[in-house]
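Several structures are given next for inspection.
Below are two complexes that have chain A in common, paired first with chain B and then with chain C.
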Partner chain A sequence: MNEILTHPSRIKVPYTWSAGEALSRFFKALRDEQKILGSRCLKCRKVYVPPKKTCGTCFVECSEWLEVGPSGTLVSFSQASYPSPAHRVLKPLFGLIRLEGSDTSFLHMLGETNLQSLKIGVKVLPVFAEKRTGSILDIAYFKVVS
Partner chain B sequence: MEPVAIIGVGQTAFSPNRKDQTYADLVYEATAAALSDARLSIANIDNIVTASNDFFDGRTISSMAIGDACGAAFGGGKSISTVEGDGTFAAFYGLSRILSGNYDTTLVVAHSKSSEGDLRLLTNAFFDPLTERLLGLDWVSAAALQARVFLREKNIGNIECGNVIVKNRANGAKNPKAHLRKPLSIDEALRSPLLASPLKETDVCPSSDGAAAIILASKSFAQKKSERPIWVRGVGVCADAPLGERNLAESKALRLAAHQAYQMAGIDNPTAQIDLVELSEQFSYQELLWLEELNYRNLSRVNLSGGCLSAHAWIVSGLVRMIEASLQLRGQASNQISNAKRAVAHGQYGLCGQSHSVWVLEN
Partner chain C sequence: MKRTAIVGCGQTDHNGNRFDVTGIELIHEAVSRALADAELTIEDIDGVVIGNMDHFEGINGVELWSISGNGGILKPTIKLTTGGTTGSTLAIGGYHLTASGLFNKLLVIGWEKNSESDTTGAITTAFDPVWDRLVFAGAISGLAVEASAYMKKFGVTEKDAARAVIRDRKHAVKNPHAHLRREVTIEEVLRAPLLSDPIKALDICPRTDGACAVIFANEDYAEKICPKPAWISGAANRHPYAYLGDVDWYPLKSLALASQELYAKLGIKEPLKEINLMELYTPYSFANLSWIEALGLAKPGEGAKLIWDGVTDAGGALPINLSGGVLSTNPIGATGLIRAAECAHQIMGRAGERQAQGVKKALSTGFGGCFWSDILIYGSEKPS
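Up next, the complex of A and B:
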């Protein structure tokens, strides 16, 4: 009588999110020119990458655009040793990257390296995907440059 | 601020899988416990604020799924509203409702069952779907990025984090509600395998099933009806920018929330003036980081209940901090210290602690 039943299920709802003006411009630059763009707040001059339409600190528009990087500095990194359905590769390496000319840290994956070779402060460069579709994955990963 | 009182507290036991109960059943259990603790009936509750996350529950408007379990339909219906986030943010809303003058009592109840969804996917969904989610990060790998920055900038090693784990797990072993009730030695903490470098398995809190409830009351109601009210003397709530825009070695949001709460309560020397702190540390390093921003130096008076490293239900754990702090101030805690007069309870939500709330409570 004490048997408790469970009901396995899943939610599968397709979404088609608008990238909006700012991210569309950012993704198109990745796809068509292999360039990384940022937007600058006209008040505090902070450069956001990925670009934002409004500066959260100043509550004004970030209407100035500029190219940043491509090289950047590793601010932090980690390797997830556990499996996850969200991971794209086994034991992915994640990095927080401060691209040259940017005032924010950019989240992405790291490749062509291993945990032991990584250090805060190393220089990294983006490796672009061969097939680019206008998404964050148009950058395949960042690699360490010596 | 006119003081508002906590006049009833209730929590379920926390465990990896409460398969025997639905999340609504857990809400009922916590609500009934809080009412019984306050010696009130559901008829005495003027309004309800719940805390939940629709993604965690796997349905939208999940608060409606717990309406019956928290008395929302009682007597023809009560005003009920939901906060998506930590239970302490729901408590802040509940407190504001009392201060509006329209309500004498607010029931605040929070629930979650991590066992029913996939936490890796659910917390991956915390990230921006266009710029971040596809990369595959979740709450643990994001925290690992924060841990590396914080530990390096403050020159903190494995031993200090290990000591936090050992302390909290020893306290948790005395807490009958805790999820992890076995003490951990420093060797076990240090030898634990890497989960997301530099975080080891034992650096990460468990994800539990459970619910918690508190009953807030206006000053006049509490003075008339409660034998042992715990008074809210100060509160501060603050949200920070997304993690890529912050210096992860610090928490400006927590510093500001603490400043607001301390100022309201007249605290200028936290370590000397606060008897104990109940902290929402999802990871061992976070206890050290949050304490820096709270400017509290007495580590042995932190998380006497075992903290989140011993029991942690998403959404619920901040409310549990308020409950455990209240129990200390009432002299009824499982790991009771003598002469506790003033406590701080802390709640946080979001990746790498994006939002914080700080409560100064007194008996």
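Up next, the complex of A and C:
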């Protein structure tokens, strides 16, 4: 029988990605002011959250900035039942949230609740982390308010 | 087949670190400038081709990821990647796709953000994992062997190579897009820290963040868009080998064969006299000597004389790398496309302070990791 050999190796390459102009402004507002910002396309008027520098559809600047939320509506939700090293809590609940004033939905975690009591359309509010570093986790989770 | 031309170009202001923007934002900067140069809007464009090398940014599927910046939303959008030749492959792809008549006005984008990762680490992934990767991979090692063989064969010196560095770096001073815009002296080049004998730090290209966008249009549209389009006369390419141990070290066979094919096709007998300007993908100093021999500009071993005589300097009979070349700017996926954009802008008369006079024929090349070559020739006259 032919013996086929393998060659084990690995690729380890470090990366440091720029958050860029639009997301840096978004993250700094979360960290320093506990505010959620969106950017509006100057042509189609769509408000993007998280913000974009340019609207891909219209190909013009989204240079009008505004605060959105903090309250939002739950568009969809799900629970990850199996544990994963990527999860920050056991059986996390994920929600797709349409923040007030935004035209896009925003994915985050839901807290202080359980799968059985969640419903599409309920109002939610962000709970900010005490220690904020300028990342999406500066919002700890969203909680249901109605 | 339709005749096709470059009708607009845009480049970012290239830099060693564009941490102020994401890749998407960087791409958008170049695309906006190209559209403005052609006086078109994104609605006029009927397809997008984009390229880079995935491992430099660690992002696969760049055509999808960068869609809000590349203008490809709800249009045919594809990606081309061929390592170091990515930019010149993009130019050849733009030519083929518009010449076919399937696309009329095509946006072609090359970009790279080398600051986001380890360039040599990423280049290593382009080499055979069982064989070359362990011992011979990366940008510098193969070039150092090529240079050593060339020096030994013809008695060429490190000082000869340094003369070619000071040419490119001097040219870069007049290019607002160039990354390194400070002149250097022969002594500085010779004293720079050794990387891989005989290559020293100033003999080799930098790692750059930057993007370049070029708009191709076929004969049904080119002259309506641009008063002096840069017509594509032809393109050729050659890929010579798989493992580095198989390389013939002199001449650069891929470039010699690709250029011979194109010269024969276009009836060019004396390229030194018949071509007015070249933008060469020469990523290190010795390439500026030996690869112009492969291009038929000088006899074997006599490239250095052409460089010392100033023939290829600004104002010389055949200026080479008026942009400052790859030794001044190297956002890898954009590098070959910048060569095309520079040739096109020279023909259009839009090269600003680095403009050469009376450019009727220009030539650009691309070079990739395993000694392969791309070549394009451009003309001010519509091909017959």
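Note that the second predicted complex is superposed on the first by the 132 of 146 C-alpha atoms of A that agree within 3 Å, B and C clash if a C-alpha of one lies under 4 Å from a C-alpha of the other, contacts with A are read in each partner's own complex, and residues count from 1 in each chain.
Note that in this section a residue touches a chain if its C-beta (ideal position, glycine included) is under 8 Å from a C-beta of that chain, and two chains touch if they have at least 3 such contacts.
Everything numeric here is computed off the predicted structure, so don't read it as measured data.
Visitor: Looking at A:G38 after the superposition, I want to know if it touches chain B, chain C, both of them or none. Which is it: first, second, both, neither?
Guide: neither
Visitor: For the overlaid complexes, name the partner, chain B or chain C, with more touching residues on chain A.
Guide: Comparing chain B with chain C, the partner touching more chain A residues is B.
Visitor: Once chain A of both complexes is superposed, is A:G72 in touch with chain B (first), chain C (second), both, or neither?
Guide: A:G72 sits against neither chain B nor chain C.
Visitor: Classify the contacts of A:S9 with the two partner chains as first (chain B alone), second (chain C alone), both, or neither.
Guide: both
Visitor: After lining up the shared chain so the two structures overlap, which partner does A:A80 touch, if you call chain B first and chain C second: first, second, both or neither?
Guide: After superposition on chain A, A:A80 lies in contact with chain B alone.
Visitor: Would you check which partner chain A:W17 touches, where first means chain B only, second means chain C only, and both and neither mean what they say?
Guide: The answer is both, since A:W17 touches chain B and chain C.
Visitor: Return first, second, both or neither, reflecting whether A:P126 touches chain B, chain C, both chains, or no partner chain.
Guide: So A:P126 meets neither chain B nor chain C here.
Visitor: A:T54 in the overlay: touching chain B, chain C, both, or neither? Say first, second, both or neither.
Guide: Second partner only.
Visitor: What part of chain A is shared between its chain B contacts and its chain C contacts?
Guide: 9, 11, 15, 17, 19, 23, 56-57
Visitor: For a test of understanding, state which residues of chain C touch chain A in their complex under the given definition.
Guide: Residues 18-22, 24-25, 28, 41-42, 55, 57-58, 67-69, 71, 73-74, 113, 115-118, 121-122, 125, 129-130, 133 of chain C touch chain A in their complex.
Visitor: Contact residues on chain A for chain B in the complex?
Guide: It comes out as residues 4, 6, 9, 11, 15, 17, 19, 23, 27, 48, 50, 56-57, 75-82, 84-88, 92, 94, 96, 104-109, 115, 120, 135-137.
Visitor: Mind listing the chain B positions that touch chain A in their complex?
Guide: Touch list, chain B to chain A: 19-20, 58, 118, 120-121, 124, 129-138, 140-141, 144-146, 148-149, 152, 193-199, 241, 243-245, 248.
Visitor: In their shared complex, at which residues does chain A touch chain C?
Guide: Those residues of chain A that touch chain C are 7, 9, 11, 13-23, 52-57, 59.
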